[in-house]
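Okay, so chain A shows up in both of these, paired with chain B first and chain C after.
For the complex of A and B:
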């Protein structure tokens, strides 16, 4: 009895400490973002609400010149959304079709090819960034959404997950479908896609968050303000805000940070049921 | 409605395994043929070759006289019931049954009518909106059958469809399959490793061993007149009794006992005497003596197991006797038995060929 009491107490204490440790910076950033720039400059970080919430967020989100020279935070949010969604959907589509080909079509070198795909895990974007930039620039795709998304969507991990899942689908389903006059495309659309629904959802969520948080590639790719994503915006805002010897607008930087974290948090919160389902169970 | 002919059909895999060796077979209209054999004997491979799921290495297959070797599974117009049912888990029962019809471009109203009619016949019309996961094993089995029936195919192929059911349900479904097959009159092939299932279902059955058809015929033919040792030992429950024997001095020497009434058997060749449990009876002057090990009371009759006297220890000499209700014996008792010599069979031990 007492043993279990102390165990409960200690585990909770550890969890609470961890939670505070992880969320305190976010809390401080949010609180500070609701204060006037003078308060922040004079008194440093703030730990409770100030009176400038609407003012700051309105200026950041909607007023031209409020945060960058021209672009507003809402535009950057849209850019990030396009990157996140394009990245996630592109990855699912490409890796699913690659896995489908590898598992269901008997072509030469299917297994070696799979391992070649798998080996690209050793070549993340950071390693191949110069040639990738060269290619995208050569195609005239700098500062476009296409250029931002396409070099990122090939996914070895996604292919691997889908391959493992397809391999666990009983072969009789394919045979039954063949007898039911379903061709390869019908089988994919009518049977495999619905079966991998939860799996697709899980990968979409993970990849959306990863796509949203992309930093290096958009940083190099985007030179015009209008194609900035919000993550790049955070980086750039310090340069913009401290220009011209004015008072640094730290509350705006904090506001932008909070805005950048919100969508991924919402996505995970809303879809977490699906997410867990996709990782632990399958409908077979 | 359809006939199926196999001539010289062979299956060799890339790794050299020879799974099906020269099968010839004529299946006539409306027949229910059972392929029976131990696991790994090639019976399922042969069935899958008929379905078009495995290619045919050599030989020819025809349905209604038309060569189907190169025809795709969907165009062969055959329907298959799988061991694990292979129902589409995300589709309702209705969709499962309708899927093949939709893909064949049948009109919606026709599909609806056809599926409902079939569901009624199988008594699953109340489950049409459910998913397979919400059904019991027996109901899933019915849906799998419904999916086959609804297409009105030329051939039904059953791949061990009852092996995932419990014993009681299996007997029930076996009867139902037989009834449905009769009613619909569709030519069918049924694969099983269970000889009881094979015996009760088949119009004719083919005993398959190592890719070869050992013998094909009606269940009673195979039971009472097996051509090989393998068929004799595979068909029948409890198994046929097999005792090593030799032919010496015009008599069949079984252990210590000499049995008269056999002639023209090869000398100096190890033989095997086969006799079914029901052709042995306790008899006061019986030539064989066993000490009773175990008695199984089945109600109408009892099975007496025991070791035959007069054998040295290494050879198999266990006997099973099917005795009537009247004869009660206790373990340890020694009883004398009489064989109906006329019903006994003699096989060569080396080739398995039947001599008498």
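For the complex of A and C:
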């Protein structure tokens, strides 16, 4: 009895320590963002609300020159939203359609094309940074949403995910559809897509977060402030901070980290079950 | 592949075309370019270039900065992988035992997945900032002469701590789902046979989790190699003196900021080979996982 009591106690102690370890940085960042720069500079990090919440966030979100010369954080949030949604939707459409072809059709190039898709796992962006930039620059796509999103959506994870799922769909469905004379497009839209609803939701959630958090690619292919995503804004404010100058605006840096974190975290919290499903299934 | 399929036609090509097209333009062509450029030496103005076989590779591998970076990357990956797996496993095992309030623990431990690496990097950087960072002050009061800007060990400490923090939640989610897929009956039988929870963990649970652990090891090494780019770029940027320069960060600084095309391409190709090895590893373990 006493043994299991101590076990339960230590379990809760460990989990609470874990929670504090995981949450403290974000909590402190938020609390510190609500204070005046002088307070931060003189007293260090803050652990409770200050009186400058509206001032800081208003300046960061809406005032030109608040965080960067031209662009406001709200504009960067919009760019991030476009990237997150475009990435997630693009990835679902493109990988579902490729997986559909590979699973449901007999065609000569099926195997070689499957290996071409597989190759993307071997070629993460990090190993082809400079030539990828050159391609996008050559196509005149720098600083465009297309150039930002399209090169990112072709990787294999989504295709494998849908391929795995389609293989588990009962064969009888296709037989029945063919008896009813349903063509390939009809079968996909009327039967397969409705069946895959949860799968699509799960992958949309996870890919939105992944897309929102993209860093290296936006970093090299957005050169104009107006195309920055909020995560790139983080890099810029870091640069400003490390250059020094007058009183460093730490509260704005903290506010920016909170703004960059909030949307994906909310998505994960609200759609927790789908998110876990999408993560566990798509990585396998 | 299905037993029942649509008959031969041009339709499937239409469905795979978009993905293949993007892959050829944005993956295969740039990769081929990187391989091609890795054999070329450009003059200082980028006007003419000459084919030099493996000289860029020789220059890369024999270069002190590259060796230092490779050494750091290995130590860094091992430490990040070990600590983030160990912490996540401990938390997952305990969270799996909790009867009341387990879902709020789970939520609180997994949401940090959504924080982008550079955001985590900036937050951590500010915590250790000499002006506002209380951790900086606290460590110095405790007698650790802490200075991440000057001291290689301190800089590595900061980068590793943030990288571990960022990765714990992913590992936690996978470990927890691995634990939950162990049949209840097995765990009940184990409880009857063995009263000590520690012994039960090492003899029953841990071996049953082995496939998850192997799989996560590959995922974590890949993370430490590639995705920590954002953390390094918002904390140390490879300083002091290249002591926290990972291989990926070095490719970026040499190729993009330094404009050494041949050298950075050779480094890229070496990284491609590393990814290849990791992927082969991963798929062998996955295959074994299916046989369980």
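FYI, the second predicted complex is superposed on the first by the 257 of 284 C-alpha atoms of A that agree within 3 Å, B and C clash if a C-alpha of one lies under 4 Å from a C-alpha of the other, contacts with A are read in each partner's own complex, and residues count from 1 in each chain.
The rule is simple: a residue touches a chain if its C-beta (ideal position, glycine included) is under 8 Å from a C-beta of that chain, and two chains touch if they have at least 3 such contacts.
None of the values given here were measured: they were computed from a predicted structure.
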item	value
Combined model on chain A where chain B meets chain C, clash or fit	fit
First, second, both or neither for A:175, with chain B first and chain C second	both
Chain B versus chain C as contact partner of A:191, first or second or both or neither	first
Touching partner for A:248 - first (chain B), second (chain C), both, neither	second
Partner chain in contact with A:238 - chain B first, chain C second, else both or neither	second
Chain A residues touched - chain C or chain B, whichever exceeds	C
Partner chain(s) touched by A:41 [first = chain B, second = chain C, both, neither]	second
Which superposed partner A:131 touches (first chain B, second chain C, both, neither)	second
Superposition-derived angle with apex at the Cα centre of chain A and sides reaching chain B and chain C, degrees in steps of 10	90
Lowest inter-chain C-alpha distance for chain C and chain B in the superposed arrangement, angstrom	8
On chain A, positions contacted by chain B and by chain C	175, 178, 283-284
Complex contact set, residues of chain B against chain A	51-53, 72-74, 78-80, 82-84, 86-91, 99-100, 103-104, 133, 147
Interfacial residue positions of chain A with respect to chain B in the complex	170, 172-173, 175-182, 186, 190-191, 194-195, 197, 283-284
Of chain A, residues touching chain C in the complex	3, 7, 10-12, 14-15, 18-19, 21-23, 25-26, 28-29, 32, 40-41, 44-45, 93-95, 97-98, 100-107, 109-110, 113, 116-117, 119-124, 126-136, 150-151, 153-154, 159, 167, 171, 174-175, 178, 184, 209, 212-213, 215-216, 219-220, 231, 234-235, 237-238, 248, 250, 253-254, 256-257, 260-261, 264-265, 267-269, 272, 276, 279-280, 283-284
Touching residues (chain side chain C, partner chain A) in the complex	1-9, 11-16, 18-20, 22-31, 33-34, 37, 87, 90-91, 94-95, 97-98, 105, 107-120, 122-127, 129, 131-134, 137, 165, 168-170, 173-174, 177, 195, 197, 215, 219, 225-226, 229-230, 233-234, 248, 251-252, 255-256, 261, 264-265, 268-269, 271-272, 275-276, 279, 286
